[in-house]
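Right after this note come the structures.
Across the two complexes that follow, subunit A remains constant while its partner is subunit B and subsequently subunit C.
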Partner chain A sequence: MSSLEIKKLHKNFSNYHAIRGVDLQIEKGEFTVFVGPSGCGKSTLLRLIAGLEVVTSGSILLNDQDITDTSAAERDLAMVFQSYALYPHMSVAENMSFALKIAKVDPKIIAEKVADAAEILQLTSLLDRKPKALSGGQRQRVAIGRAIVRQPSVFLFDEPLSNLDASLRVQMRQELSGLHKRLKSTMIYVTHDQVEAMTLADKVVILNAGNVEQVGTPLNVYYNPASRFVAEFIGTPKMSFIPMSDDIKKLIANEYDGADPRKLTSSTWLGVRPESVTLSSQLLTKAGLTGKVSLVERLGAETLVYIDYLGEHKITARADSLASIEAGADIQFSIDFQNVHGFDDDGLRLSPDVTDNLIVGNV
Partner chain B sequence: MNSRIAKLLQAPSIILLFLWMIVPLGMTLYFSVVRYNLLSPGPLEFDGFSNYAFFITDSAFLPALINTLILVGSILIITVVMGLALALLINRPFFGRGIVRVMMISPFFIMPTVNALIWKNMLMNPVYGIFSVIAIAFGAEPIDWLSEMPLLSIIIMVSWQWTPFALLIFITSLQSQDTEQQEAAQLDGASSWAIFKYLTLPHLARPIAVVIMIQTIFHLSIFAEIFVTTGGGPGYDSTNLAFLIFSQALLQFDVGVASAGGVIAIILANIVAFFLIRAVGKNLMVQS
Partner chain C sequence: MNLTLSQRKKVSTWSLGLLSWIVALVIFFPILWMVMTSFKTELQAISTPPLFMWEPTLENFSVVQERSDYFKYAMNSVITSFGATFLALLIAVPAAYSMAFSPSKRTKDILLWMLSTKMLPAVGVLMPIYLLAQSTGLLDNVFSLIIIFTMINLPIIMWMLFTYFKEIPKDILEACRMDGASTFAELRYIVMPLSWGGIASTGLLSIVLCWNEAFWSINLTAADAGTLTALIASYSSPEGLFWAKLSAASTLACAPIVVFGWFCQKQLVQGLTFGAVK
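Presenting the complex of A and B:
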């Protein structure tokens, strides 16, 4: 188990500033997930930690030791790649034991460790196969096994599940989570999939254009997004944004008897999650806003309703599975202002944090 | 029905290719067992295997055979090692790589005769060749390459021409090597040498096999370089099988003996190919 600290890290590619001053603290045994849209620098950040890219400025500390200029081979980190990067001409066992063989570990100990890792990952019967003869999920397991065998100080995962099909992804996600509980190692995981981020992470790091946008527990990030970017990125369906208007100001005044404890009226945009929108067919008393249904998506367990508000602003709402709502109809809805966030013109959140007792995990 | 039409349409080209191969082969086999000398015209009489016996017992045969094998072996080693080293050298991007690559490959585009003339007259000439100028500049005695070490001279010329071929094949293969695998190996603690040994070399197994096989076929019949420079001499020091056959047929006008030599060369090529394919297959192909 190891801790990792990143200080004022910058990375320039010839004319592109990929990482723009990242400061980050990763505790021992923590499962940290870097998440963000493509091109946000999350993979670059991971590669900088791995030592596969040269740092432009700033420093990386592993257990308080500066490893900024240490070569990848000497950092004692293990990485699982998106393409798995298995050695094609080596068998599963040889793939998993390669690092130990390079380190000239006693063959007996190597065999033991490989057998242990294979046991954990259910690869025992496949040890003699070549990667070519494995399915995607099995290759993924071998790649993880290759990392486990080494008992590295930190595990790095670069979008390890994105090449798997949807159902296998869910299964591997759960296995990874179980693996972390079992090994209790420090793990850093890069993904663009916010579901993976929410389910796996102890700590989520949301990156945007080479900057850290927010760091926190998954639920804290969900309930208290620091900016419009985070609010939009975390949560499916996405948070909807509606411009502040006199109508809404009136509704807020009604709700709080003229007070504005959540500083909503001074915001220019309101971020509304689907669960904060109530359709009027279900609630007749508090209806306040009117829109037009533009699209109805029936998912089986629930129905997603997309409402055009003031013409161009889309609001997403959830409805019952069998709700009788049709596209094109006018609809009335209300908003639960307790859970709505206000954002200013720059996309920063103005409203205070949602009260702590709402949040299960601690920040 | 469809496959019959396909076969029918393919037939002319296949038949043509077959004739292309079988007619010369058949004629060579026929000439090799008859008495056929251009200087003594007359009916072609059946002569058994006396042509073969004559060719094999010729005092030039054994040196020619050994020279052929030395040529093939040493050129293979030099071109594969040099080609690999150069390919690794220019695999990483650097300023001017495109031009360097073209320049490194260009010897392959030069005709063998021109190549031999350049080396003979511009580089290895003991009077005005560049090597002799360099030797004199350092106060050393210039070497008369072509008469003092004729076989080595041929090896140098052919290697210079064929290294680019190996380089070309290796560089394309290196470019297709997965970089994430190398990064994974780096994180596994592998040194550059270990990455080369455990990843790059197995990755190059197939192209190395291809280079070795193609080059073997070509180098068994090196001719132009010998003809233009040493003429097989001094003595038989740089005579290989191909040149010996040539000298039998067109210097001594004995078509029968030359044909017998041709058949022996075919057999030799097959033996070499058989062992090469087995050796290469065992050591390299298995891993990939």
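Presenting the complex of A and C:
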């Protein structure tokens, strides 16, 4: 188990500033997920940690040892690639034992370790196959096995599940989570899929344009997003944003008897999650806000309703599976202002944190 | 004519087949004629109309062997072509590796510049190279031929290896680096095994090119280091043309490489048509 520290890290490509001063602390045994939209620098950050890219400025410390100028081969980190990157001319067993063979480990010990890893990953019957004779999920397992066998200080995963089909992805996600519980190793995982981030992470690092936007536990990030960017990125369906207006100010005053504990009235934008929106069909009292239904998506278990509010602003709401709502109809809805966040012009959150005891596993 | 689609297909397949046979025969005919002539007497060789039926004789071959030791020339050909190919691969593998996997801004220019050296007419540098060989005492010496053949073929070998190496996904090399492999281990365990077919066909092509090289071996060698091409050339000048003997010498010179090529056909075709599909 190892800890990792990143200090004032910068990376410039010829004319592109990919990483812009990242500071980050990753504790021993922690499962950290870097998440963000494509081009946010999450893969670059991982490759800098791996040593596959050269740092422009700043430093990386592994167990308090500076490894900024250490080559990838000497960092003792293992990486699982999106493309699996298996050695096509080697069998599964050879793929998994390659690193140990290079390190001149005793063949007996290698055989033991490979057998152990193969058992964990259910690869025992496939050890003699070549990668081309394996399915996508099996290849992914071999790539993970190649990392496990080495017992590295840190595991690095670069979007390892994005080449798998949806159902396999869910299965591998659960297996990875189990693997982390079993090995208790430090793992860093890059993904653009916020569901993977939410389900796997002890700590989520949300990146935007080469900067860290927020670091926290998945639920903390979900309930207390630091900025509009994070609020919009984490959670499906996305958080909706509506501009502050006199109508809404009145509703807020009604709700809180004139007080404003969540600093909503001084905000320019309100961030509303679908679960905070209640549609009039399910309301007993008067709703307060009116919009036009632009789209209804029936997912089976629930129905997503997209409402045009004041013309251009889309609000997403959840409704019952069989709710009788049609696109084009006018609809009344209310907002639960207890769970709404206010954001200022710069996209920063003004509302105080949602009470701590609501959040499971808060750090 | 009203033909159904399948009939028309048959006709076109058939006529294409016929056409390729004709083309193949036209290309092959000079070689066939050379081999036939080598089994004729000098008189039969120049008779008009040309003879297609005659009693074959081995006389020319024994004359050639008497006049000059065929095996010595063949040995020189083997030494120079294998030696130059080995040396060129030794230089080109690491060079192509670095150009393919850590290219700089100028890599493309370097590749083009290397190829441009192939556009220079060899005779343009005959004088300086001849004088260099003379002053270093390397005239009529296999080493000078090995060095020159290496330099002649290096651009083509580099280009071919470069394209083969380019085919290896970068991720695999990065995975290898993450596994703790040094650059040498990377070459030894990953790059070389993955591009083995490419390296082999590049080597084969280089051997064939060296074997057939005539300009430098004729100009820089005589009796000691002469290769088979120099041997053939010696039959075309001093005492007039002796077609039958010339043909016998040529047949002897071509035979080893033809046999060699026949065995390595698969590799060669794979190498030369590489990149045509995909």
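The rule we apply is simple: the second predicted complex is superposed on the first by the 362 of 363 C-alpha atoms of A that agree within 3 Å, B and C clash if a C-alpha of one lies under 4 Å from a C-alpha of the other, contacts with A are read in each partner's own complex, and residues count from 1 in each chain.
Throughout what follows, a residue touches a chain if its C-beta (ideal position, glycine included) is under 8 Å from a C-beta of that chain, and two chains touch if they have at least 3 such contacts.
Quick caveat: nothing in here was measured; it's all calculated off a predicted structure.
S.K.: Following the overlay on subunit A, give me a clash-or-fit verdict for subunit B and subunit C.
M.R.: clash
S.K.: Regarding the shared-chain residue A:Arg262, is it in contact with subunit B (first), subunit C (second), both, or neither?
M.R.: A:Arg262 sits against neither subunit B nor subunit C.
S.K.: For A:Lys42, is the partner it touches subunit B (first), subunit C (second), both, or none of the two (neither)?
M.R.: It touches nothing on subunit B or subunit C.
S.K.: With the two structures laid over each other on chain A, which partner does A:Ala50 touch: subunit B (first), subunit C (second), both, or neither?
M.R.: Both partners.
S.K.: Based on the superposed arrangement, let me know which partner A:His180 touches: subunit B (first), subunit C (second), both, or neither?
M.R.: Neither partner.
S.K.: Between subunit B (first) and subunit C (second), which, if any, makes contact with A:Ser83: first, second, both or neither?
M.R.: After superposing on A, A:Ser83 lies in contact with both subunit B and subunit C.
S.K.: Intersection of subunit A residues contacting subunit B with those contacting subunit C?
M.R.: Shared contact residues on subunit A (touching subunit B in one complex, subunit C in the other): 50-52, 71-74, 77-79, 81-83, 85-89, 98-99, 102-103, 146, 150.
S.K.: Would you pull the subunit C residues touching subunit A in the complex into a rising list?
M.R.: 169, 171-172, 174-182, 185, 189-190, 193-194
S.K.: Please name which positions on subunit A make contact with subunit B in the complex.
M.R.: Where subunit A meets subunit B, its residues are 50-52, 71-75, 77-79, 81-83, 85-90, 98-99, 102-103, 146, 150.
S.K.: Report the residues of subunit B in contact with subunit A in the complex, numbered from low to high.
M.R.: 178, 180-181, 183-191, 194, 198-199, 202-203, 205, 287-288
S.K.: Quick check: in the complex, which residue numbers of subunit A touch subunit C?
M.R.: Touch list, subunit A to subunit C: 50-52, 71-74, 76-79, 81-83, 85-89, 98-99, 102-103, 146, 150, 156.
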